[in-house]
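Heads up, the next two complexes both have chain A, just with different partners, chain B and then chain C.
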Partner chain A sequence: MADLLSTQLLFAALVTGALYGLTALGLNLVYGTMRLLNVAHGEFVMLGAFAAYWAFTLAAIPPLVALPFIVLLTAAAGLAIYRGLFRGLLRNPRLAERIESNSLLLFFGLSIVLQNVAAAFFTATPRALPYLDSIIRIGDLGMATDRLATLIIAASVTLAIVLFLRFNLLGLAIKALIQNREATLIVGIDVEKVQRMSFALGFGLAGLAGGLVSMLGQITPFMGFPYMITAFVVIILGGLGNLTGGLIAGLLLGVLETYGVALTSTNYRSILIYGVFILILVLRPQGLLGGRRIAR
Partner chain B sequence: MKRLLAGLVAVAGLALSIGAQAAEPVRIGFSLAQTGLFAAAAPSQLNAYELWRDQVNAAGGLDVAGELRMIEFVMYDDRSDPSEAVRIYEKLITEDQVDLLLAPWGTPHHFAVAGVVEKHGFPLVGNSAASVQLRDINPGNIWFPTSAIPDRMAEELVAMMQSQGVTSVALIANQLPFSLEIKQFLVPALEAAGIAIVVNDEYPPDIQDMTAMLSGIQTAAPDAIVALSYPSDSVLYMNQAREVGVNAPFHFVLVGPTIDFFAGMFGPSLDGIVTIGHWSPYKTEWARAKPFFDAYVAKYQTTPDYLDSALAYMSCEILQQAVAVAGLDHDRLREVIALDTFDTINGPVKFDGVSNATTPTSFLQFQGGEAHLVWPESIATAPYQPKEAWPQ
Partner chain C sequence: MTGPRASSLAIYLAAAAAMALLPFLAGTYYLGVGLALLSWIALAQSWVLLSGTTGYISLGHAMFYGLGGYLTVLTWQQWPLWISLPAAGFAAALAALLLGWPVLRVRGPYFVILTYGLAELMKFIVIDIEAKLGKFGRLLMGAPSLETLYWIMLALALVATLATYLVRRSRFGAGLRAIRENEEAAETLGVPVVRFKLLAFAASAFIPGIVGGVMALRSAYFEPFQAFNPVTSFTIVVIAMIGGSDDAPGPIFGALLLVILQELLWVHAPELYLIILGLVLIGFVLFVPDGLHGHLMRKRDTSGNRPRERSGERAA
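The block that comes next holds the complex of A and B.
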């Protein structure tokens, strides 16, 4: 059995957890503010990864340099989707009532379209990036540079967003919208703008996650699905729409993936993750930190 | 004079119409997983098909018992669903009335369409399928050129490890049918050979982190590591084994290393890795091997998959050579495919029942970025080299 006190396990848990937390954060923002279930979230991770791949392959731009542009690109795509597909639906009170289930279908369609458009344009051939592949060794701990960079960026961006939501006026407005939509309208917050910004931020974060995972594994038009599933597990665990809960749940999943497996066996990986998922839902249906107001 | 001219025009017209008839293309049908679960795997097969078609057409066409005819593909997306492939092959045969068939991607799809071709007595040379159960399919209508069948692979892998003095092995396997089938034969073969299995783990296909498992292997310090992995977890394995610093002189990784992006992603880290495969462009005795490799790289700017692309191209070569002798008559084609020996990029191929009876079960090793056959020694293109520690 692996040594539970090894720094190697801790590093692995942190990298996995930070990536899960980051991916889920984008999904949670969009759900929290508008009750839109973005099942195409994984496809924007995929698009982010392809953007990083093409920037590197065609223009020799390293993924870490391309990251801000990838975020802008996917954020812009998010805005376009908001304008094109959802603004009208959200404005119409009768349609807005059914938005949660309708958004599921709309995003599902979008996800299939994006997968197949990507397959048509980029072909389904798997690709990968040779980038930051040295190993840093400190004592017994080995850290692949790309994984270390992923940990640092995912953790700092997540922290920056937590601070943004706590101290920035727009951030506070986003939080207010998540907590109580009606009250937000009453106090005169520009809900339309807040929704727009949440959409852009949520999709930008998916692109960021994609840019990061492009350094770690293979890139294909169909790579997004597992990220979407994990992100869903994380935000349901943490409490739908509860951003802090999502971050804790992301980290918890990272710990389960490494320490849980170290204590039992890799055979039990899925049983552990989904077992804990079901257990928490039985004991706390609103999620770890979800309040009754949010988990309806 | 006018009459003569009119006569000439008529003759020319007749000649043209005969010419047009002669140019009637041979229609070859197949389905491929262009979307869905296997979509990332299918291009290696489609690329080989299209390369073959373009080469044959550029050379004047397919030799159909002496007559040259252009090749035209009738292709459908089976969405990675075997039952969809069944419908498509039924349609290709009855509605589209194609002249010939090529195979879909993967073992489940081959099993699924075997019944269709048997029902219609339509010959089909398969390619990307490998399972001991293939041998249970009724012979006569479908043939499998691969020699990477799990039971034979397990035997040969153990023989290869024994030749290297391996006494202990760490075995990890993805819980997917092909890898588990190999494992099912590998464990008893290792036990019979007296090789201790010091780590024996399985993991689900969606695994995201292997650190704990790899730390266990590091503690056990075996002579050999056998990772029965698929592409995405092969990437994970390579990355994390290097990060954790798990070294063993004998290092086997099942599916992935022969896909083009692997060499690009891992560079020198790939050197020393042994993997599945019975074809290499560096086998000079197989005169067609290197030209195929070069043409593929020139057309697609990626290397062919040493297993799937090679098998797909072999199946086209076998069909082409059989059609040259037998024409398009199904009975005659079945007879020729069953009895003749074919000259392929993988050397001579002759079938016994549904299986390839000539190509030995072999393994590739990456050396200086090239995939060389290292086992069995009788067909090796380079001697096996123990894997050095991962580069930092």
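The block that comes next holds the complex of A and C.
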């Protein structure tokens, strides 16, 4: 059993937590503004990871350089999906009536399609990127460079998003939409545009998370869905639409998972995640951090 | 409150008779296809009993299927089939009752993901148990013949279809549909919401438990990843969406189309199967949200004759 007090384990927990926070932030943005749960969120993490993999393998572009392009690509895909699938759904009153279940089924279909298209094109063989594998030592803490880079990027992007939501006009509009839809319409904010933007931002963040994940672990067509589940657990823990809550919850889950696995074995990883998920929903469905729908 | 028209009743009876005659007419291959068709009908009808009526979309019916399969396999050659199969059903229903109490308190996307999560949790628990027992897949010796399994499955499909039909026309069904339209209003009007939801959840788990047992015997092999495969849950939802989940004919239409799709694709392009299934789901949500049967009923209604009380539900 690993030494529970080692800085090594703490570092691992932070990296995992930062990634979870980032993935959940994207999911939370779309859920918060539109009340649509993007079950295909994880598939865009997967696509981001594959984009990084192929850019590196085919064109020798390092993932860190490819990251901005991956974000643009997945954000554009988000826009296309919004225009192609959801605008029609929102405008058709017969479909909008059951928007919650209909959108869920749509996203679910999309997720199955993307997984299997990826499997058809890239095969189901797990892949990994040999990139930034060196180790930086500070005292007795050894940090793999790719993990350190992941932590720094995930944390700074998250911080940037938080600042964006606090000080930028569009960011404030997104926050307003999360807090109160009717009031947002009344004060004359272009809700359609804000929705479109948070859709693009949410999908872009999924792509970013994917690009980062590609450096750390295995890349497979089916890697996405567990990420979506984890991100969903995180936003439930933090409270739906509560962005800061989600970040704290992401770290919490990262710590819980890393230490839980260290105490037991990797076989229990899934049992642990799903167990936490079910416990939370049963005991406190409104989330650990308060029940009000807030977006700080 | 009306029954089906005489003409459509005759068609369904003829179809049931044809399915009953299949073991005498078809070879092993087509009997296998028939078994698959009946199993999907039984599963989708059970799903409709909960999700079609109440709007609580379950993405975890693989849990009941897998549990039933596991129980049947554990008791194989220790209990006779006529005990172990019903026991599989009751075990699945009991699991639904126990889980339903906390699980049915959440709805919408929470419920969908929670049911999915529970099925996955159950899968990993069974994998863990099997690993501790040192079993990695179990072979079943001396499983019953395909004909026997086919008869059992035919009975299950008929019972499930009848159950959907009867519930749809009962006070119980009316209460469940009221929950779908507006749960608070239903409660205010005196619908015992909690009890009805629990009952529907347990009822919708019973037959999938038995189907899981029969299908485990059919493959004569048990492996948790296969038994608790989320694709099973997904397929059930797609069938209900294709056919329509408002009445008993819907899942039959959906299962028929799905099995045809499977037969066409599994031979020629298995890697396309799930892609096309996903596209079919998207297409139906966008363009035929009531499913084939619902769509036909709507067409009939708008073409001038309105034989049924279809007002309150799915208002256009």
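Note that the second predicted complex is superposed on the first by the 250 of 296 C-alpha atoms of A that agree within 3 Å, B and C clash if a C-alpha of one lies under 4 Å from a C-alpha of the other, contacts with A are read in each partner's own complex, and residues count from 1 in each chain.
Heads up, the rule we're going with is that a residue touches a chain if its C-beta (ideal position, glycine included) is under 8 Å from a C-beta of that chain, and two chains touch if they have at least 3 such contacts.
Just so we're clear, the structure is a prediction, and the values are computed from it rather than from any experiment.
Participant: Under the stated touch criterion, which partner chain does A:188 make contact with: chain B (first), chain C (second), both, or neither?
Facilitator: Touch status of A:188: no partner.
Participant: Counting only touches as set out at the top, which of chain B and chain C does A:266 meet: first, second, both, neither?
Facilitator: In the superposition, A:266 touches chain B alone.
Participant: Classify the contacts of A:281 with the two partner chains as first (chain B alone), second (chain C alone), both, or neither.
Facilitator: second
Participant: Which partner does A:119 contact after superposing on A: first (chain B), second (chain C), both, neither?
Facilitator: A:119 sits against chain B and chain C alike.
Participant: Quick check on the superposed pair: does A:12 touch chain B, chain C, both, or neither? Answer first, second, both or neither.
Facilitator: A:12 contacts chain B only, not chain C.
Participant: By the touch definition at the top of the document, which applies to A:137: first (chain B), second (chain C), both, or neither?
Facilitator: It touches chain B, and chain C stays clear.
Participant: Can you give me the overlap between the chain B contact set and the chain C contact set on chain A?
Facilitator: Touching chain B and chain C on chain A: residues 115-116, 119, 267, 270.
Participant: In the complex formed with chain B, which residues of chain A make contact?
Facilitator: Of all residues in chain A, those touching chain B are 1-3, 6, 8-9, 11-13, 15-16, 115-116, 119, 123-130, 133-135, 137, 142-144, 147, 216-218, 220-222, 226, 230, 254, 257-259, 261-262, 265-267, 269-270.
Participant: Could you please specify the touching residues of chain A with respect to chain C in the complex?
Facilitator: Checking each residue of chain A against chain C gives 37, 39, 85, 88-89, 94-95, 97-98, 100-102, 104-106, 108-113, 115-117, 119-120, 229, 232, 236, 267-268, 270-271, 274-275, 277-278, 281-282, 285.
Participant: In their complex, what parts of chain C are in touch with chain A?
Facilitator: Within the complex, chain C touches chain A at residues 55, 57, 59, 102-103, 105-106, 108-110, 112-114, 116-118, 120-121, 124-125, 128, 131, 234, 237, 241, 271-272, 274-275, 277-282, 285-286, 289, 315-316.
Participant: Hey, which residues of chain B end up touching chain A in the complex?
Facilitator: 34-37, 39-40, 42-44, 172, 201-204, 206-213, 215-216, 219, 231-232, 235-236, 239-240, 242-245, 259-262, 264-267, 269, 302, 390, 392
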